[in-house]
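Can you read through this structure? Questions will come right after.
Should a chain be cited, it is by its letter among A, B, C and D, assigned in written order, with residues numbered from 1 in that chain.
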Amino acid sequence: MSKSKIFSLPVRVYFQDTDAGGVVYHASYVNFMERARTEWLRAHGYSNAGLMKEFGTVFVVRSLKLDYLRPALLDDLLDVTAQIKDIGRSRISLLQSVCRNGEVLTEAEIHLVCVSLASFKPVSVPEVLRERLKV
Amino acid sequence: MSKSKIFSLPVRVYFQDTDAGGVVYHASYVNFMERARTEWLRAHGYSNAGLMKEFGTVFVVRSLKLDYLRPALLDDLLDVTAQIKDIGRSRISLLQSVCRNGEVLTEAEIHLVCVSLASFKPVSVPEVLRERLKV
Amino acid sequence: MSKSKIFSLPVRVYFQDTDAGGVVYHASYVNFMERARTEWLRAHGYSNAGLMKEFGTVFVVRSLKLDYLRPALLDDLLDVTAQIKDIGRSRISLLQSVCRNGEVLTEAEIHLVCVSLASFKPVSVPEVLRERLKV
Amino acid sequence: MSKSKIFSLPVRVYFQDTDAGGVVYHASYVNFMERARTEWLRAHGYSNAGLMKEFGTVFVVRSLKLDYLRPALLDDLLDVTAQIKDIGRSRISLLQSVCRNGEVLTEAEIHLVCVSLASFKPVSVPEVLRERLKV
């Protein structure tokens, strides 16, 4: 999987994701994106529980920016993407989107920081993971 | 799909489903079960949006009973089942469970009522759907 | 606070609690009830974090049973109650409800078990808490 | 309430808001902020349901940007603020934050658009509400 490769996870919209406005609730997209990031990580060989157990580290969200372009609806089958933008010592920047039939509904940029589970202080992204993400 | 057939949906556990106790939050199982019921319905040819549009009806939860036997954990891949118990005029009773590698973590019995979207009053389960569920 | 005393927490309904059916999503009531139970516990002098730190214990939900009688709506101001039913060695049974202007919308019975944070095995309810709950 | 006045809503952290990392889940802050915005609107005389009924309009989130500075924890009592930044024809920009004992944990800028409930197309912010927000 190359740096420019876009990972995509299909996500179905259920009642639990919607609100009384009749569309998907704005915070639900943040949940969808966490699912896609986790599967993107798994596609590179690591689970969240695995990172915690093997390295004592966890990725936390340092910042996120979402643009809501069009609403998703109940029963929609969405594609939620994740694509690496760049990697620093302890930071990973990702571009993510939520699409329906190729149309972008929501765009996001998300900065993760690798922190120690014990101190919540930033630590280096484990080297073996960094290598896999770079390929 | 026969009455005794058990429908099953794979569900992955993400951070969003867990709590600071380190396990899956108890209300998250209720969400997992809604996803499985919706896919069970879809396997019988109907979506929630479709039922609303075609019949002006929606299934609402009239009661639920959950037994939590063992906790699910971050990154678990769960099987969430749905199986019809019986169908009345406007009510459908379902047995549901959340399993991990064949071990039952949570068991549930859930009563749905088919209501008019306009009045939220009980109405008959649409005949075409009832026939499909009976088969 | 006597055993028969009913604790009540006001809870406002926001978009995040509703779904595309136009009413409060059924799992949101489970969240409302966790909030009320937590404040009921706090009214007896203990927080969840405090129980974990002081005794190494946490209350987990062993079972729950909810009856949905009438739907709550966006912007409703609800009263979410908690009342002790009985206490065993490691188990506490609670009656809870969600009301609007004195009308019961949802009724629940919930069984909690006091478990060790380390093993998730049942342990005795801390004596000092038991005494306070009995009064 | 002047344009520069900061509205603040106290929000308690429950298990439902946390994740297995032991801290508040990042999307939960988005929920906290929706609660504060709604109460800020109510402090100006309007509920969401009221806006829908009286004007056929609803505010939707067009974009949001969050910076996570420090984690909130189980049982924390937070102050969630909302402050108007500027108002356009159909857009309202807000600054929001989540604080604990005066320390900023999360900062956000959020753009809302007033849309028609029927078409989800942008419409003017109702004049009577605009006047109240300007004062």
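Quick notes on this one:
Simple rule for what comes next: a contact is a pair of C-beta atoms (placed from the backbone, for glycine too) under 8 Å apart; a residue touches a chain by one contact, two chains touch by 3 or more.
The model shown is predicted, which means the values in this text are computed figures rather than measured ones.
Chain centres here are means of the Cα atoms, and by that rule the chain farthest away from chain C is A.
For the interfaces B-D and B-C, the C-beta contact count is higher for B-C.
With centres defined as mean CA coordinates, chain B is found 27 Å away from chain A.
Centre-to-centre separation of chain B and chain D, using mean CA positions: 33 Å. Rounded to whole angstrom units, the spacing between the C-alpha centres of chain B and chain C is 24. Residues of chain D in contact with at least two other chains: 15-16, 21, 23, 27, 31, 34, 73-74.
Across the complex, chain C meets chain B through its residues 21, 23, 26-27, 30-31, 34, 58, 60-68, 71, 117, 120. By the touch criterion given at the top, residues 15-16, 18-23, 25, 27, 73-74 of chain A touch chain C in their complex. By the touch criterion given at the top, residues 12, 14-16, 31, 34-35, 38-39, 47-50, 73-75 of chain D touch chain C in their complex.
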